[in-house]
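Order as written gives the chain letters A, B, C and D; numbering starts at 1 within each chain.
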Amino acid sequence: MAGSYFGNSFRITTWGESHGPAIGVVIDGCPSGLALSAKEIQCFLDRRKPGQSRYTTQRNESDQVEILSGVFEGRTTGTPISLIVRNQDQRSKDYGNIASCYRPGHADFTFDSKYGFRDYRGGGRSSGRETIGRVAAGAIASKLLAEMGITIMAYAKSIGPVTVPTSEYHLTEIMENALYMPNNTYAGQAEIYLKECMERQDSSGGIIECTVHGMPAGIGEPVFEKLDASLAKAVMSIGAVKGVEIGDGFQAATSHGSINNDAFTCENGSISKLTNHSGGILGGMSDGSDIVLRAAFKPTPSISQVQQTVTTTSENIDLSIHGRHDPIIVPRAVVVVESMVALTLIDLLFANMSSRLDKILSFYKR
Amino acid sequence: MAGSYFGNSFRITTWGESHGPAIGVVIDGCPSGLALSAKEIQCFLDRRKPGQSRYTTQRNESDQVEILSGVFEGRTTGTPISLIVRNQDQRSKDYGNIASCYRPGHADFTFDSKYGFRDYRGGGRSSGRETIGRVAAGAIASKLLAEMGITIMAYAKSIGPVTVPTSEYHLTEIMENALYMPNNTYAGQAEIYLKECMERQDSSGGIIECTVHGMPAGIGEPVFEKLDASLAKAVMSIGAVKGVEIGDGFQAATSHGSINNDAFTCENGSISKLTNHSGGILGGMSDGSDIVLRAAFKPTPSISQVQQTVTTTSENIDLSIHGRHDPIIVPRAVVVVESMVALTLIDLLFANMSSRLDKILSFYKR
Amino acid sequence: MAGSYFGNSFRITTWGESHGPAIGVVIDGCPSGLALSAKEIQCFLDRRKPGQSRYTTQRNESDQVEILSGVFEGRTTGTPISLIVRNQDQRSKDYGNIASCYRPGHADFTFDSKYGFRDYRGGGRSSGRETIGRVAAGAIASKLLAEMGITIMAYAKSIGPVTVPTSEYHLTEIMENALYMPNNTYAGQAEIYLKECMERQDSSGGIIECTVHGMPAGIGEPVFEKLDASLAKAVMSIGAVKGVEIGDGFQAATSHGSINNDAFTCENGSISKLTNHSGGILGGMSDGSDIVLRAAFKPTPSISQVQQTVTTTSENIDLSIHGRHDPIIVPRAVVVVESMVALTLIDLLFANMSSRLDKILSFYKR
Amino acid sequence: MAGSYFGNSFRITTWGESHGPAIGVVIDGCPSGLALSAKEIQCFLDRRKPGQSRYTTQRNESDQVEILSGVFEGRTTGTPISLIVRNQDQRSKDYGNIASCYRPGHADFTFDSKYGFRDYRGGGRSSGRETIGRVAAGAIASKLLAEMGITIMAYAKSIGPVTVPTSEYHLTEIMENALYMPNNTYAGQAEIYLKECMERQDSSGGIIECTVHGMPAGIGEPVFEKLDASLAKAVMSIGAVKGVEIGDGFQAATSHGSINNDAFTCENGSISKLTNHSGGILGGMSDGSDIVLRAAFKPTPSISQVQQTVTTTSENIDLSIHGRHDPIIVPRAVVVVESMVALTLIDLLFANMSSRLDKILSFYKR
């Protein structure tokens, strides 16, 4: 099966291994007429780059994106957009002992189980570098959404046990701290926590929250292509995500209908909800409120502590992983979550265009 | 867009409204040679039937399934299997006021937003009866899995605040109580809790857990068609689900790599994990351990308490919903979760068959 | 793989065997708001019914269609439309010897090769009755197209060697003769030819031509989802079709660029072509001229003459096929071609809606 | 809609414009373990290169392919294979007047109709260079098929009116003449014919035939994903193809069942057919005989003769196209047909693997 594509109307296919010559993505189905430059895509990519703070790896990866097709005279043409990023900092000796053993928490064992062998250099296809293609495509999807008045914002709600309560969000501070938290004070606490983790040669997990503003109501397809189901898949497809929830999420399990139901109200002919326990989605379709989604990330599996594992020849060994590793994935993954949400929304917005005969007739009226 | 189909190699398409003439499903891609009778499918359907206990609606729906195609002389032929269940108990007057207003927590508003109007009788396509098609197809997927030595078990881990700790699971008790909880004592407490909800004309949410035993390692496609991502979409596509997690799920966000990583070990040439924080999935592929998944269900939105809402003509009103409604969806949804998991697994097992050249050559060797 | 569905945005799934309880189709992705009755679908189905003339089988199949979902108060709701036709005239003893041998020109051998066994009654899934689902769905697609000002017309251009030259088309006569030829005089000659075939216990092939009027320019997706490629697949998927051509088709192979190129001209600001060798398609997209397509049908494989074949146990035998069989498939297939063309066009018209950013913004402008 | 991908299990996505920086393809779903080098792919690409004879353009395009991902230590890993060919000989001034007018027989008008504007340099995405991606992927599919014992051979059956009768095929001569015809004498006649076309500043069409040897019986999915239907779409998606036929094709329309039916016979337990009018496909599945397919190519639309057309600002003009153009597409398209056939077969071979329960159980037996 082909597992490296995402979306139907706006379809992306990512390719590339951590230590191959390059990594990239092809976007098939981007509409014509969007002004687009490599610089705009680069801005998105720079948000996932390492070396932004001391809590992310210090490798010097420039990750410059090049547009190879689908853009002519500064605008998209409607044909596939091919984006490529050359891999540069490939110190393969750093990853030597991965070849012969299965790192705990990594995909080494499952790749070998599936394919019989694997490109072991730097995690190969399961490396975090695979998200470069997602983010490059996400930059384009986000720009399309912005043209439609739809904006997406993601941030680190929790770093380990340090959680910013919704009541203390200062959204302007997200870009002010290296952890992308919506509160600089909590970010300071989280930094202390991460420092302790690093000293223990350990790593931490966290939670990313993502909100979408400006979605028209009625987007998403009932039954299997529900907006929330599609978002869940999109976000869960990011390497380290172990849970996804919408609106009140797992808290809804202990709630009551009388609380969890959002009352509708009408003012000046405009229908809205008094609360947003639903997280902006009802019956799998957007309800006009902000979409609210959270994703739980597991701790970075690469830690320097000695771990027990087995070799590819079935010997039990003690493994020490060397090299530079983030003690937490969350800050760099913020833009990845944002990208996956953007890709999901644009695809369902396009799919929705053939939902009503009256609107189709109006579209094709000549 | 077509949103009522699920799966690729083993593809189902469900159809039908709560109060239309019938509800059904077409399964396209079921392999030939499976012994199959309507009776086996009926056993699955009976698990989602109302009237099983006093905590589920007392309507008398017989929901008898009929096989219309794809089975010949008791075995599947490889051609589409069409299953139909006639709707019988359609007291449409019960649902009269739904036509002109938007019930809080329901899909009435979003359906109208998308399509311009809706079949308002009993929720139409967004009714819980839509899951009949899923469960009928799930029965077949489960039987295929069983032939391959793979078994799925779902149960109610939590009913509102009543949660059965993993250490107190008695799996044989699942079928002994009406709530499908893995511990009869906790089920008793949950019954008391639900009784209180009903007395307050309120409803409750809960959590369903699902485990899969016997999956070979390496199933699932890296990147976008990951096993966990696919499971998340499948389960989140069930009406009332607001969150999905795999293994340690949201708890992983506060864990450390040194704890969350499952060590590998090898005994007698067989590789396994010492713990299962990963919930049986690494890098989007099965790792050979049991798959563990949890889904959070919101409280039933239909409650008898007066609620504030708006009419389809934008007037603010107070709404009282009458009729028979479950105070909780969870017990009837257990088999739906099991079905969606089965459908996801069988599809990815089939997709996996073309992963390795040596196995393809062995398959086609003549 | 799931092979019984067609289309993406407007997706149909057909099911059912010739001698099973019923045959049907599910249409997923039909927009809301289309006025639709069973009677309108029945009109299409009646055109493929046997017993219309003495050149089609005399079985008395009423083939009454029932709408099971997706229509409410006379209009489509946007949810899946399930259509069913009960099988009635199932004289299974007519088909007895098919069970144990492979009829030449039929799918018996290939079904057994693929699936290990087959539903041998009346051809099972490979029966011409499979097209009932296509035509029922085609009726809906055709009505949608008509609302958009797009009309499709198919007819028998050739019956065996009797071919109506384009210069002698009288389109009003198509419905006046039992063979659906666009010239009653040629139809008379074709009847004499078919009578001779029947006397020799033999069968005949023919050619169906289909034209589409009113298509806007630019429909179809470049590269792999070209309009002509999609039409070719759609039409070639009809059982007995062995060739498909667009515009000048195979004659273009012996033509010259100076002749085959259609000159563009502009009158009153409207661009059109002076000729239509292209058959209305350039670069895989509609060019605004009428679409012209032809499909070659092989002779009905079921003939009464003794034929040489083998049994399922690998014995060489002489086979005599009894029962009622059309000496030609073409007349009944005219509406099937029309349906497949309609299904292809509607799907690509929907897909095209997200091609241009300016049109998307106009669609979602609030 | 995304139109630049092909296939499901073995899915390719092509990208790139004639005069952009590069052209390429991503293959998603190639199984692991195939030995693969850029050199092998280059051999296929060289067969579609211009400058091979005086009947194809004399541009010096080196078209060197580079493998960017999916291959490790000389073998495919199961992850996406990204192939890229840099564009080199881009003399954009040659194509200047294309920007402002619609060339007859080209996709200029339809691209503008669909997308509002187009990359006019050298035909942009509708250039014949788009097939580079197809052929690069086709090389891999062909190698996989060869491992399975399946071989494909295509050749020019007709160049304009010069047709090689089947009885005079000398297959070893295909590679001996620049036109890839299966008879050097006919190739000589065709060369004279093409010379005359060029002197008249005109172009010619032709017919490519393709045969497949070694296909197991039962490949292809009944109903809509039939082998012949899938092949028809694949081949018709090549730019200049106007018709496709299988086996006797359009001749079957004037044949009789008694002739067209292929008798089955059994010798030493092996079932075969005495004739092959079916072209190796019955009921949409391979029947074990050689697959035979023909595609009709229209004459190259780019001719030097003055042609009537309109500008993008709707003025009627006389157009003279300068630059270097092939008087015929057929010879360079032979390997493209072969590639599209290979891609179709490998996809359906993979899809077929989940058709039978007994074979699935055998595959997953542990």
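For this structure, a couple of remarks:
Quick note on the criterion: contacts are C-beta pairs under 8 Å (C-beta built on N, C-alpha and C of every residue); 3 or more make two chains touch, one makes a residue touch a chain.
If you're wondering where the values come from, they're calculated on a predicted model, not measured in any experiment.
Contact tally for C-D versus B-C: the pair with more C-beta pairs in contact is C-D.
Chain centre most remote from that of subunit D: B (centre = mean of CA atoms). Chain centres here are Cα averages; for subunit C and subunit D they lie 26 Å apart.
Separating the CA-averaged centres of subunit B and subunit D is a span of 44 Å. Subunit B and subunit C have Cα centroids lying 38 Å from one another.
Shown for subunit D are the residues in touch with two or more other chains, namely 1-5, 8-10, 14, 29, 32-33, 78-79, 114-116, 125, 216, 222, 351, 354-356, 358. Note for the complex: subunit B touches subunit C at residues 1-5, 7-11, 13-17, 20-24, 26, 28-29, 32-33, 66, 68-70, 72, 75, 77-82, 84, 114-119, 121, 124-125. Chain contact summary for the complex, subunit D toward subunit B: residues 8-10, 29, 31-34, 76, 78-79, 144, 147-149, 216, 222, 349-351, 353-361, 363-364, 366. If you check the complex, the residues on subunit B that touch subunit A are 1-6, 8-9, 14, 102, 104-107, 109-116, 125-126, 130, 158, 160-161, 197, 200, 202-207, 216-226, 228-230, 232-234, 236-237, 239, 241-266, 269, 271, 274, 277-279, 282-288, 296-303, 305, 307-310, 314-316, 348, 351-352, 354-356, 358.
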